Amino acid sequence: MSRSGFLRLVAERLGFLVLTVWITTTVTFLLFRLMPGDPTLAYLSPTFNEETRTALLRSFGLDKPLWEQYLIYMGRLLQGDLGTSFLQRVPVSQLLADALPNTIILTLVALSIAYAFGIVAGAFLAFQRGRGIEGFAIPAALATRSAPEFWLGMLLLAGLAFQLGWFPTGGAVPPGSNLGGIGDRLASPEFWRHLFLPALTLVLYLQGLPLLLMRATMLEVMNDEFIVMARMKGLSRWSIVMRHAARNALLPVVTAFALGLGASVGGNVVVETVFAWPGVGRVLVQAVQGADYPVAQGAFILISVVLATMNTVADLLYAALDPRVSVGARR
Amino acid sequence: MRAARAAWRFLRSEPFAFVGAAIYALIVVTAIFADKLAPHDPREILRVGRRVARYLPISPEHWLGTTSSGRDVLSQLIWGTRSALQVGLTAAIVVVAIGTLMGLLAGYLGGWVDKLITRLADIVLSMPFLPFMLVLAALTTPGTTVVVACVALLLWPNTARVIRSQVLSLRERAWVEAARVTGCSNTRIMFVHILPQVLPLAALYGSVAIGWAILAEASASFLGFGDPDTISWGVMLQEAYANQALGRGAWNWFTPPGLAIVSMVLAGFMISRGSEKLLFPKLADK
Amino acid sequence: QPAGDPVRTLVLLAQPQAALPQEYQAAELIAAAWRQLGLQVQIRPLPSQQFSQIVWYERQRWDTTTWQMVGRPERSDPDELTYNLFLSANIANGYNFVGYNNPEYDRLANAQREELDVAKRKQLMIQAQELVNRDQPYGFMVHPKNVVAFNKNVWDEKSIVDQAGIGARNTWTWLSIAPLGAQRDIILNSVSTPTNLNPFNISGAQGSWAAEITWDRLMRIGTDGLPQPWSAEAVTRPDPLTVDVKLRAGMKWSDGRPITIEDAVFSLVAPGIGDKSPMYKPFVANIASVTATGTDTLRITLKKPDAAFLVSSLAKLNLAPKHVWEPIFQSLQGKPETAESVMESTPVSSGPFRMVKAKLNEEIVLEANRDHWAAPKAARWIMRIQPNTEAALGALRSGEINFLADYNGDPQILRDIAKADPKIKIAEALDMGFKFIAYNHRRPPFNSTPFRQALSASIDRELLAEDAWGGAAVPSNSWVSPALTFWHDQGIEKRVPGGNVEAAKKILKDAGFVLVNGRLHYPAGVKETTAPFQ
Amino acid sequence: MSLLSVENLQVHYRTGAGPVRAVDGATFSVAAGSILGLVGESGCGKSTLGRAIMGVLPDAGRIAGGSVVFEGRDLVALTEAQRREIRWRRLSFIPQTAMNALDPVQRLRAQMLEVLMERGGLARAAANDRAAELFRMVGLDPVRLADYPHQFSGGMRQRASIALALALNPALVIADEPVTALDVIVQRQVLDVMRDLQSRLGLAMILVTHDMAVVAYACDRVAVMYAGIVVESGPVREVLERPLHPYTMGLTHAFPDVHGETGELVPIEGSPPNLLHPPTGCRFAARCPFAQTRCHEQAPPAVTEGEHMVACWRADEASALRTAAASPATWAAVVPA
Amino acid sequence: MSAVIEARGLGKTFRTGRRTVHAVQDVSLAVSAGEALGIVGESGCGKTTTARMLLRLEEPTAGQVIFEGEDITHRRAAALLPFRARAQLVFQNPFDALNPRFTIRRTLAEPLRNFGIPEAEHAARIDAVMGRVRLTPASAWLDRFPHELSGGQLQRVVLARALIPGPRLIVADEPVSMLDVSVRAGILNLLRAARDELGLAAIYISHDLALIRYVCERTVVMYLGRIVEEGPTAELISSPRHPYTRALVAAVPVPRVDQDRAALPIRGSLSDTPQGGTGCAFRDRCPHAMPRCEAEAPALREAGPARRVACHLEEGAPS
């Protein structure tokens, strides 16, 4: 693809990304304003009175008309200010900033392992098509993908943590550790020990897609004429598989990875809850349960932005990796 | 009739699809006869004397024991098929209907309709599924309607994309042009000529959507946004979790609904996996 | 026998099982009992937000609902609940959301508030409880027990203190708990996330455990439930409208500055300045003035006599450093934000523990303030946020936590674990909170006292305590918990027939309600005019 | 001594319904430096034959009999490793659809270098020079080496494939319908390139096609395949002017000739037999206007007269049949089932 | 004799992204009843686009289409129905031209239904058309699905479907290029017979002059979207006047061993040709290109009876 063509594509996709984010945030804003109940309910207590309520509403900025709230909200959003938590009374951006790295690490680690495994296993299974191992491996891959994550997680937790005590039961770091920063955490074996179970649960759940995708595209590619040609050229099996088959087959898998990264950030909600993993998903669940809508809204926007961004990245990645994409297909 | 025979031939030749279809069949039969099959009323609080029959272990009377609130696990499991089917099927039908319609319109009409629908789909795809469902559940009444609505609102783009690309290639087929030349209106071409070609594909996506819906319902229930009024596997799991069935070692309560979910979702995957040859016709030559 | 209209289907609101499994099950059992009376009852679970919204702001709309009052140290004096829950003045917007209206009760509630003589006040409280027993504005269910557990290999069992109506998880325990070995950190769990910790924010249940030991107060509620001086050396009430306080000497803020009488005065008046501290403002509403009367003494003048002032205000308001907070309050002027959401990077406090780290969704770490006059024996206090109850249990067993402070699961499971695992010890204690079914007096037939009496009579409180709460609760028939031995009307829970469907039916029959084909009808001539809950 | 000689080759495909005898007795040979045209209808086994010679049948296919002797060695008997040695160095291939045959995600330079370096053992610099040379040889500008396949037109892709096939100076190139997808002018240009290379480099070639005119233009010899069997082969002039097999006769009349007379064209009604269950006798019998009972019952043996081989029971009556075959009425009489 | 269909200055410009393709420019032609017109030209020269515009399957960006004296260029889809019934298309690829899920009967009934022919007449008309394409007895074929037929049989069905509404015009776009050599002749014969017997106007498209010669008495040659030469087919082949036509004629292979193997009188390939510019589109490939060709595009001029050529060389040549 020509360089300028690609740049144009990038610009176009980024433009659309901005539009998507704007629509998402607006929809989110409206959604949350429709939420029944008002935030002061969270403070219900016999000492709670009308005056308290008004003061609270004012401090939440909820005493203004909707359009004004919207303008304020968008204005603040542009400055990265997501408001203050109704319940926890801290800036939402700070809650999210604490949580996002954890989610990203969990997702990236799990996704990378799942994809590494899925790609290798998928390619292997593609070569084994029609053999006995398929009858076992494919149902197994599908079954782990079919299990509710929390159920899988609870079973792992019960087995490996409660019964055997090999892994901690939750959280990201040991109690009272000084592992505040991401760098510290990544360097600590304890962190990885805490990461193991939630990551394993995710890996079990996530590996099915790359495995099946890799297998299917591999099968498709292996049937392509240019693979037959590569054989005719007398190229080594290794060259054929790595240089031609895998490279072509990987295209959709790489794209799926980017998409998966976006989707997982929002989809980890359940796993984060089971394993008390201090990530964005859990923040969101708690906020929704507690009707803490600045937080729920912030987390939702953050997740959507990550998702939309990763969707865009996936698109661009595909265009960057596949020289054919930019050519307008003839009708 | 021809279709039925073709379907049967297909199942016979594809063990995966066969197993999947068999599981579905079993679930459907169970759901139909749930009231006959279930030994107890799944909602009834069973008593032992004045006391609630909590946590009874597996016994001839209660094949899977009882729950913390004194209900028969097996009966709940059996009744759960109804809600699973209801959630799964409505979600699948809605997804397939919306997705197919959108895909068909976008693919066939092209132009601004296509642009609009693809853009819309892109935007919808950047709505995180689970979070969206939680928020929607919090905004409205939690329960299966929300699950179905979410699946329908957020999952149609997947089907629509596939259908669209299928339609894009179909509309280039000469027989579509032939239909135009022989006087067919666009509507007729779309719904009489093209639609039947993409329906099998849509149905496959439907079978995957069933799984999605079931899992979504389970996750929503787990996080406390299920409809406790219905007896569903998700709600069962949630109850078991909330009442610490695992901590009690009540595996008889915690595992069966999970396995039921796995098998139903698996069935959908199996069917679509078994249909690989339909999706990648090249494989059939191998 | 002639009959009126059939009673409409009654809808019993409840929070979802996921949120409050015990309440949900209780609601199911109660609905089953009411159905035996010939009523059609539907349980309607609502997510907590909608639930509160309806109960609180749509007071005309609902029939009946589950509800609870939780125990807090300052509720050791029953005044707060007595005054707020049932006073007719609170029907419209206040906490009397059921709409109970009885002038006799209003009189008793006001009188006890003004009565400084404890014996006389107790009499008034007993009378009020009797009145409520007769009118049954609520269907009381149970007083839950507080079940906590700790690792007795780590902590000396004898150093654990029980606080009346609170249980073993209390400030006194955090101060006195003594390590047996090298592990000197109190590691406890919390199932929900705490909130911003600052002296002007009421930090929710879990947050306040940390806040209470981070900030000092002039008084604290003792293990006996009575207020005792803390940062004050002495507190005296020369007359019903005057309180004199003498400050303890030699106290310091964590930034090294001494705690002065100005700080104390500031702490008492700050919540009342403007509306920057809405949550604390009610606690200073009755203060007319605070003046320093010396370098270490101050005098508070009240607007009205308030028997519970020491408990509800002096034991509640945190001591905040004036040099830090006065500028903050000033900078907040004219902005919508309140002092509640101010976050200090390192809070300046004076309590026995100091904040080291507060990752609200992960953990809060406090360390012992060795310079404090009541320095704790433990080294650190670490609260882990673990929403998964099951996992919290696992963590206790594996030693990841050594104090299971927040447990709302099945107590039986905990007992079983303790039986199997010698290192785990359970501490159960009656809570001062209570769980109840609220009847909406605005909506017939709940306006009928006999009807409410009958409903209450059919509730089998023993069964609820046993099966819904797994034995970790006792039957209730009053808002004053038996844990508050002094104030509680002994034996009141026996004075209402419990789980007695026959007695309930008789009450209904006597009041003119009629059973037709098993369905309960209003007395003759009464029409059903109330729309069913939608 | 011919460069390649294929003797009674049989290739079967395994299918759910039973074996498909895609090639069922193919015999022909290619002399060094000459072009053999392989003509036949769609599905008669031309590509299968080509792939069988290259030794890259799909998993379901296998050589069920016969021999393929190339430069004195029977390829069928070689091990995979030995066969790999020969591939591309001595024996290369030009595919029909160059678009699918070139790796879509690699630039042509990479694809050229891969062959030149991995198989030809050239250093990068030398390989680069050679690639440019090859491109020029087939009439492409070497700057286009930097392009991806999709950036080429059909004719250019075909030329690139030819360049690729010639990279290692093979002795024999199998070209599977290299010009079928191209239009006349480009087709002619590609054929000219191939003819030119043949005469300059002494290349031998098998040119698979279904177009007699292409054979007439470019080939020295021709082999006519029908339903898996080579039914006639010989020098092009011989076969075109004196066809011995009725199928070949039919083919020559089915073509309009741009300069010839515009009399009615003669179609061969019906379609080739299903190779799953090929008929017992002559495979063309069902469509043949001259079929006799014997033809339906027994497969005719191949007979050779000079360089001209034919498999037909009535080969000796060929000249009479030729006259009859020129009349449309002869063919119209056949009504295949 | 008045033309059944006529194109006047037809043009089509495609815009894809930033690229603009002038697929067809200023094409004028007319076909009368009973006449067959061939369109030849290299791949991509705009033959298909022209045909599709004539059938209103593609919207022209310039010019007019006149069918039986009526301008149908801008008729809306709904009003086109009568035209559709009278102008039919035979497709190139018979394997793709039939809905795989329709039986042959349903395929043939579809146009009848769409064009409002009473149900009662369907069976008779289907039988008749099946006879015409020599798929007899009809009953043996009608209930089959396309995949049960061979290519030649399918193409007959395609032809039958085109004939069944009783059209006045048939357009056949490469009607035999996908078929096996042995069955091509059969289809060509049927096309010829249908035209002769029904007196249709016909347009055949191919890049194979030999084939065009077999079925068409008149031919236009297109190059890069324009007509470069037009004339009676035999004349065009025996004495091509435009350099491109000459190359085309020379390039057509003949099934004879003795043939002219001289280099083609043409250079480069279509994709090398720069589009646009003012001069002759063929100039870069033309062996006779002269400075004038660079500057000025030749117009399509009368060049003898029924002949038109667009080449500067032809100017001044005797008409």
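Order of writing sets the chain letters: A, B, C, D and E. Residues in each chain are counted from 1.
What we mean here is this: a contact is a pair of C-beta atoms (placed from the backbone, for glycine too) under 8 Å apart; a residue touches a chain by one contact, two chains touch by 3 or more.
All values derive from a computational prediction rather than experimental measurement.
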Chains touching both chain A and chain C, listed by label: B
So which one's got more C-beta contacts, B-C or A-B? A-B
Greatest Cα-centre separation from chain D belongs to chain C
Inter-centroid spacing, chain D versus chain A (mean Cα positions, whole Å): 54
In whole angstrom, the CA-centroid distance of chain A from chain E equals 55
Two or more other chains in contact with one residue: find those residues in chain A. 35-36, 154, 158, 162, 273, 289, 291
Going by the touch rule set out above, which residues of chain D reach two or more other chains? 58
What residues in chain E touch two or more of the other chains? none
Which of the residues in chain B end up touching chain A in this complex? 15-16, 19, 119, 122-123, 125-132, 134-139, 172, 211, 215, 218-219, 222-224, 234, 237, 241, 246-247, 254-255, 258, 261-266, 269-270, 273, 276, 280, 282-283, 285-286
Which residues, counting only chain A, touch chain C once they are in their complex? 35-38, 41, 43-44, 46-56, 58-61, 84-85, 87-91, 94-95, 98-99, 154, 157-158, 161-162, 165, 168-176, 180, 273-276, 278, 282-283, 286, 289-291
Residue ranges of chain B in contact with chain C within the complex: 45, 50-52, 54, 68-70, 137-138, 141-142, 221-226, 228-229, 238-239, 241-244, 246-248
Applying the document's contact rule, which stretches of chain C touch chain B when the two form their complex? 16-19, 21, 24-25, 28-29, 32, 43, 45-47, 49-50, 389-390, 393, 409-410, 413, 416-417, 460, 463, 466-467
Provide the residue numbers of chain D that touch chain E in the complex, in ascending order. 41-42, 153-156, 182-189, 191-192, 195, 210-217, 236-237, 240-241, 247, 250-260, 262, 264-271, 287
